[in-house]
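Read the structure below first, then the notes.
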């Protein structure tokens, strides 16, 4: 064994470099649930870059002034593939005017179609949506007396995710419910970009605690100025 | 919110109690790869309990005097479903004499059929085994120009796994490559039994580092006298 | 008649010790407040958490710790975090014992509609279709009639479906109903001050009334 | 003629900077010793490890740290552990750039047989079927002829197959061969002291020789 130290360096200078080769018309996966665990730096860079006709696979569509909402405002998005797109007036306007195409999928179907891509499975079966309009045009198949829809693995040009910590080899660790769709999307991109709150050297992350092995990640950088906006601030009063 | 402290106690006294209701003819999944990450206490208890006609789903079949080899010696196993069964003379004897039935599957197929059960997916597609005798009797399907076999989720009465640490609610953490098949089998049993080297209270494991959430685990106990036998001791000499 | 709190309290009685429960947005969320202290119940939030706790104290909100309704929450000792694929994996594998959610309509064969009104802005089904298609045990918490005064317990749903043949039980402000496998809403309990006649008048689907119907006790 | 070390050294030249590589048991395992120091290569072990290091020093063996050959190994800084489903997930998703494995037979259309001899005890395919069915880039390291002196590079495999149309390159003690998409073993390099004639005589499948064939440089 010759290589005693792994140094597969995937570090890029920042969001602009990470997304440099995204082109008009591409399909992007964007991690996060609501405004939690969003790749904020990359979204800012995407808005600045100004590519058009993008298809975005993301559980939600952000709000008017945060998250994918910022890209919608600039009319960069041709199509959203999501499970829930509430709380966004500009989104609603574009949808009703026909400027924006939306494909709504059950949340589990969305997640599992990402996982399927990352696990090299061309299709999966799920009962979600059987007997509903989600089933239209899809193959239904009965196993053990229960009907399932066959849903295809996603095919995304880029997956853009946000992790808590990552090392220069692309290994990622997420924090709390900011994990959500990020690991399944990280596995699923032809090119996967990870932005992290803290970038560390190989060996600083415990191998047992890595959520996304670096093999799935192509570019990584330490993001800055995370706003981490809260969508629904709910609290209780100390008694 | 009324319950401020979770206390869903799944602790049993030990291996004997954990496996008490396993019956002749049942299907068991047993975690581990080679002799690494084996549920040693449960295997000892299964040998003592002496149930017969068992179907065992396990990547390997142990060696003559350790692991599932001990159950084979007692002729408790009717059928092994494995990917590799080498290094076991008694196994070979029973197989050649027709006492033991063996179904050999690609290792990834074995793992993914476990995962499918734990993820409520009745079947998965894999290219492994296309054009080989593994494909016999199975549906082949072409996606995007490539052939895949449809493989069914396993249906196991019990999954028996070994983790490093676990809490009383059944949350599990594995150590190094002793993880292997354990998490995917833990998800897949109708009843899942986990033996751990160290049993801790809820809250002692970092929620971000739990590999198997307790919802998948029904019984847990702290095992004892782990031998952790090494199958191939390979070392280098300090220069 | 029950108010929302009453509906939540009555549903809380359906929860058993040791249950893993998924609570939808709205009345179902309130149910968490009425689970008896003596019971060990773990709440699943489909964005990737088992062991959801109460809202944080003011100033202790963590933007990385939210529930499926995007509300800031806390995590109880013994919690586990996982990704969205595993979250719906455990839902599909029926590891979640009980799902409680709201509905716009339920049909007498257990179909449910709760995500889309044609002509209105559609926000999406979120995890609802996965939950109703997978859960063994689904309780619907809803008002018995809509704002126009029309029954929401129908022979057939008129709105786009969320799932078919899945609802097992319904709790409304008027009563508690089993949805029978062979079809029909079987009246189990009446809300205080509500007569069987009142319930018949408010129920468009097939209502089954057998024997004396006790009043709800909460 | 190359010895086993020679075969391993020649295969090491196929590895590129930044590759994730899966090495099978036997000669392929030796390849790890000849990857240039300057190259960043990560070894995947399909039992659930990226970043496999050398054998441990005596006395430092950890029974929880093994490779797919069940040998005690070490983990390099930057390693990651994962379960068997994810391990084969990343293999199927073609994230592993190169797979090197042994074989009993390879056919001129890229079929491989390496797991079963009828009439003999069958130990199983392990992860080989997954690897050959998934990898974009498969190199076979093997002896050119079997113990009976028969060619292992055949028109058709005679043994039960491990995978079809998958082998891209073969390195034997006699030479280096591309397996052409349209069928046939294209001779790329000869081992030192081996003539094209020697190779022709040892190759039962269709051998393609074009122009001057250089000697292997290692």
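As written, the chains take the letters A, B, C and D, and residue 1 is the first residue of each chain.
Heads up, the rule we're going with is that contacts are C-beta pairs under 8 Å (C-beta built on N, C-alpha and C of every residue); 3 or more make two chains touch, one makes a residue touch a chain.
Because the structure is predicted, anything quoted here is derived from the model rather than measured.
Engineer: Give the chains in contact with both chain A and chain C, ordered by label.
Structural biologist: Shared contacts of chain A and chain C: B.
Engineer: Pick the pair with more C-beta contacts: B-C or B-D?
Structural biologist: Comparing B-C with B-D, the pair joined by more C-beta contacts is B-D.
Engineer: What is the chain whose Cα centroid lies farthest from the Cα centroid of chain B?
Structural biologist: C
Engineer: Find the geometric centre of each of chain A and chain B from their Cα atoms only, then give the gap between the two centres in Å, rounded to an integer.
Structural biologist: 32
Engineer: Determine the centre-to-centre distance between chain B and chain C, using the mean Cα coordinates as centres, and give it in whole Å.
Structural biologist: Chain centroid spacing, chain B to chain C, equals 36 Å.
Engineer: Quick one: report the Å distance separating chain C from chain D, using the average Cα coordinate of each chain.
Structural biologist: Spacing between the chain centres: roughly 56 Å.
Engineer: CA centre of chain B versus CA centre of chain D: separation in Å?
Structural biologist: That gives a centre separation of 29 Å.
Engineer: On chain B, where are the residues touching two or more other chains?
Structural biologist: Residues 112, 119-121, 126-127, 174-176, 179, 207-208 of chain B touch two or more partner chains.
Engineer: Specify, in ascending order, the residues of chain C that touch 2 or more different other chains.
Structural biologist: 49, 54-55, 75, 81-82, 85, 88-89, 91-92, 134
Engineer: Viewed as a graph of touching chains, is the assembly arranged as a line, ring, star, complete set, or other?
Structural biologist: other
Engineer: For this structure, enumerate the chain pairs that meet the touch criterion.
Structural biologist: A-B, A-C, A-D, B-C, B-D
Engineer: Please name which positions on chain C make contact with chain A in the complex.
Structural biologist: Touching chain A: residues 45-49, 54-73, 75, 81-85, 87-89, 91-92, 111, 121-130, 133-134, 160-165 of chain C.
Engineer: Under the definition above, what is the set of chain B residues touching chain C in their complex?
Structural biologist: The touching residues are 1-9, 117-121, 167-169, 171, 187, 201-203, 207-208, 210, 213-216.
Engineer: Could you pull out which chain D residues touch chain A in their complex?
Structural biologist: Residues 18, 20, 32-37, 39-42, 44, 49-51, 53-54, 75-82, 85-86, 88-96, 134 of chain D touch chain A in their complex.
Engineer: Tell me, which parts of chain A touch chain C in their complex?
Structural biologist: Residue positions touching the partner: 33-37, 59, 82-87, 92, 95-96, 104-112, 114-115, 126-134, 164, 174-184, 211, 228-238.
Engineer: Note which residues of chain A are touching chain B in the complex, please.
Structural biologist: That would be residues 112, 119-127, 143-144, 146, 148, 152, 173-176, 179, 207-209 of chain A.
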